[in-house]
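The same chain A turns up in both complexes below, where it pairs with chain B and then with chain C.
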Partner chain A sequence: MAEKEIPILEVKGLKTYFTTKKGTSKPVDGIDFVLNKGETLGIVGESGCGKSMTSLSILRLIPSPSGKIAGGSILFKGKDLVKLPESEMRKVRGNDISMIFQEPMTSLNPVIPVGEQIAEAIRLHQNLGKKAAWEKSVEMLRLVGIPSPEKRAKQEPFQLSGGMRQRVMIAMALACSPEILIADEPTTALDVTIQAQILEIIKNLQKQLGMGVIMITHDLGVVAETCDQVVVMYAGNIVEHTSSKELFANPKHPYTQGLLASLPNITEDVEELRTIEGTIPSPYNLPKGCRFSSRCPHSKDICSERNPELFEVSDDTKVRCWIYSDNWNNQSKREEECLNEKHS
Partner chain B sequence: MSIEVKSELNHSVSQVLNKPKESQIKNALAILLSNKAAMIGAMIIIFYLLIALFAPLLAPYDPYAINLDNKFIPPSADHWMGTDDKGRDILSRLLYGSRLSMGVGFAAVAFGALFGIMCGLIAGYYGKWVDSIIMRVMDILLAFPGILLALAIIAALGPSLINVTIAVGAFSVPLFARIVRGSTLEVKKLEYIDAVRSLGANDFVIIFKHILPNILSPIIIQGTLRLATAILSAAGLSFLGLGAQPPSPEWGTMLSSGRDFLFSAPYIALFPGLAISILVLGFNIFGDGLRDALDPRMKN
Partner chain C sequence: MKSIAERKVLLQVNNIKQHFTVKNDALFKPKTVVKAVDGISFELYEGETLSIVGESGCGKSTTGRAILRLDEPSAGEIYFGGENLLTVKKKDMRKLRGDLQVIFQDPFASLNPRQKVKQILNEAMATQKSVVKEKRPERMKELLEYVGLPLESLERYPHEFSGGQRQRIGIARALAVHPKLIICDEAVSALDVSIQAQILNLLKQLQRQFNLTFLFISHDLSVVRHVSDRVMVMYLGKIVEIADKKSLFDKPMHPYTHALLSSIPVPDPTIKHERIILKGDVPSPINPPKGCRFHTRCPFATDLCQETEPELRELEKGHFVSCHMVEKI
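After this line comes the complex of A and B, so read on.
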């Protein structure tokens, strides 16, 4: 490869704001990432950090009228989705970019047989007859590993188990061979054994179809199993952007370190699991400085004064923390000097 | 009784597992079939529908034939329900009249439901100012007592059976709109609506393919119950001389013309009155049973 391939998705400075009577909330506040073909990007963070809003923003499905993309761009193969008219956007949804939702129990229309729902997704974007679309939907069900798909296609959602329904959702999302699949916590609502199967299916289909996957999760196990690069979000910001390997081997941001430390360790025998003290700040009232400063064990004066930018620590790792700036050591020195002065 | 219903239900559920389609319908049907009152209501309705369908075959006489020699004959073997002040056979008139009275009821509810569902779907789905405007108009319609609104509409359009249909339909519109709007608000928040939107579906597909089929139960229930009111109101308006005009055998009109002979020949008014009451009762108890079957949450 002489030249670097154009990424299929490039998010630049994306901001999604909600205006309500309580004020303006900023669940997504200036995030950047790049997704290449065939790659899996993980977005990790605790509830309310803006990861789901990021994915809904990409498909422009933020609840209106309160929610709005307030800035930035989302480039899909060079085309800015933020500026696309709604009718063009509909052609992108499901056809170029699809999404799997968290809750398989409620993500299917309860009164329509599942095969017909998949066929409908196909017919929205492809000029196929009813029968051809039906055959393709049965084919999709077979692809996601549903036994006797001809029979299952005729059944209604309530006759299928949670794992089956999530497979149907995947079949529906992949029916038009999209280039990007956004999986919003696809395994959270499922049993652990089914979780592994579903992840396996997504991984295999990704290989077959060569699509890019954005895996949104709060489960670091899922990240370890599936992702190439990882974005850690905290209160609407990306706090660490690194490769999956680096994340586990060498977490840089204090928040990431806290997250990993709070995972139970099989070799240790402890009474209580470790937690990160405090809670995520309200998106209506974000602190002036670093958003993690109130919970950070290394916090210094500068942390509550200014929000750090993303510092590039190595080729594939960026961290939003003052520790990785030159200022940090000066700060420390100054504080030490202050202390020394007091002592003397 | 409730245990009986439950076992019926379990039975139907196990049947459903083998036969996938029509599952919910079967479920509801099982509950409905075990409800005796609803079944009586259904039988009454079917009986009336058959009469309306086969009136020309069943009627012993011409409903319009005036025979002044035969007036005021009390119920007898020749004339089961007697004859009226112009010697017309009341039974024949009742049989033919079922077509008019029920026709007006069905047409009025269909009219009301069509507009009400449209308004409710649009208001509920789009929300914001669209919702405010549509629902305020509905509130204004609801603020009038139904019969008064109908009177006003007929005063404007002139008395005729078609105008009665429009008038009675008009005061069903806000009731349908409210129910449909409420259900739409509930359904549009569900995740599968987001899911179909994420697949690129447009508003039309979402509203008519994904929202409407999921809110059919309350619409059907409301429709059945409204039929009773619509038939009653239409007969009432004809009784007041605002709907069908004599010599039409519409039940309200017949009731009205029998009013003058209430003491000398009570059967002239009695039979049309009974016909209306029994039909309305039938729709009401069937509607209640349907509600219990289709939407158990609405019970109590």
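After this line comes the complex of A and C, so read on.
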């Protein structure tokens, strides 16, 4: 079914680079993924690995002039957003593709009643009168579970709790029934009970509206509960791309394996947690070979020489690691031979 | 963990309250009182880790700050090694301050950006008079070793370190004065999981090495499950449940604890657990609900719950719950 329809979003070879005094950083360095209607794609990875820059690139909201899309394409229903003039892009934002952030105040005006802000967003993209837009705005607030929405609509953001502001932002993002919702750490600043409410709301609205969701998070629990497919990023690269089921049952990349092993377990006791030694490399000074090589317990010579490509391990799984190439076994053999020579 | 009878109480908190008076912007309105912590009692045994969990604003940090006397509590007693912290004289407090240390969420905010690590550690030792001057360089080396930082770190500034390393500096500073109790307030909350695991392992190892007692404040229940011996759940300035870790996680009794535990997203898509989604937000601590403070969100609330505040009762050995209905649900 999904194969026949064109995907709503197809990101191909996306590169987003920054040029600063310190040099060139490559927070997004050749990213590919496909999002289908009604599907949720997770993007996970440690802070600084390029998750937010990927999502901001899709909406062409990268801080300029230091940052720019340096290559690749972003096809929204076949149309390349990278090439779109800014005036056209403005129609896409908030209408076709919406975004919600960790901090709701980045998208809310602190001194305007929230209902008015949502109504304004509606009127920007839809041909509705003031009154109709206001009514729709109140309806949206009700939809995201805000109690007495008529009253709340008239309040300014600071009069609302953090969880309520987050819901207002979701209401605003969804007011124009977008085809894609990008949620960048939407629940990271919230308590678990509120997080559960918000994730439930997103899930329900997704079912109703059939939108595709890109869920950016560093919380693997949130991934497991919401995502169909997952992209694991490390230092600007995708290192593993697979189904959510497969990711948790059979993590393939050493980084993914390390990440899952370092999670404290809610049902099981261990004295010591597994860790990944070291830290991520500086984006200004990326290693020549595999970007994970300085922290990887399996690293071999080839790893520090060449960055591996994404190897297709099965139909729905790709891994950027030499272990999954034919070279790996050859390399092992070579190393064995070296050892044997030394010993003989 | 030792059996309860053998354990020595290090800290005893008796019915402390922390009521903050906040000014109103309107001129003639009466002042409002935030009941951040509203009568809680618990003890901390030597060498254990007791965690405080609960949603933001429930009074976790305020409890920690009261013990450290960063804010003077409005009422109650806090005994530490037999002395009432809230009435001791200034000069005795200095010694006690060394016994009680704290590690915060954002080590960057609590480390002076213009001081090298060397100066930071030196200052900690100097104010507590815990280590004589001549011995300090030796002690600094030791401290860096304990927390796993290279020796060169002494000559560097906080901004030159990553988040995880800065947390190690914060830990070294706390250890510098030979503390007995360390309050960790969201100490690993800002760290990525792989780094968080490193710091959690370090804390556990140091606890064994120096027989430290931890009061571990966190909103992350998976982390709490990993580090704690006992767990205390707070809601709106009150303790709703306190028990050893195993009983709390395996057999939570309070409806709020149930909901809280069921909200944790589990990193395993094959587990479909039943989720209790609570309605609405936590009410304001300015006018907390009458009776049981949880009754506005509790699926089991009765008339009694709206009128009468439940007591914290010991329902099983060491397992305390404050709920009228717990036997019936």
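We take it that the second predicted complex is superposed on the first by the 330 of 344 C-alpha atoms of A that agree within 3 Å, B and C clash if a C-alpha of one lies under 4 Å from a C-alpha of the other, contacts with A are read in each partner's own complex, and residues count from 1 in each chain.
Assume contacts are C-beta pairs under 8 Å (C-beta built on N, C-alpha and C of every residue); 3 or more make two chains touch, one makes a residue touch a chain.
Just so it is clear, the model here is predicted, and its values are computed rather than measured.
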Touching partner for A:111 - first (chain B), second (chain C), both, neither: first
Dominant contact partner of chain A by residue count, chain C or chain B: C
Which superposed partner A:156 touches (first chain B, second chain C, both, neither): first
Contacts of A:90 with chain B and chain C, given as first, second, both or neither: first
Touched partner set for A:259, first chain B, second chain C, both or neither: second
Which of chain B and chain C A:101 touches, first, second, both or neither: first
Partner chain(s) touched by A:310 [first = chain B, second = chain C, both, neither]: neither
Partner chain(s) touched by A:125 [first = chain B, second = chain C, both, neither]: first
Touch list for chain B against partner chain A, complex: 16-17, 20-21, 23-24, 128, 190-192, 194-202, 205, 209-210, 213-214
Touching residues on chain A, where the partner in the complex is chain B: 59, 61, 65, 90-95, 98-99, 101-103, 106-113, 120-121, 124-125, 154-156, 158-159, 169, 172-173
Chain A residues within the chain C interface of the complex: 46-47, 147, 161-164, 191-197, 199-200, 218-225, 244-245, 248-249, 258-260, 262-267, 269-277, 279
Chain A-facing residues of chain C, complex: 55-56, 162, 164, 192-198, 200-201, 204, 219, 221-223, 225-227, 249, 259-260, 262-270, 275, 277-278, 280-281
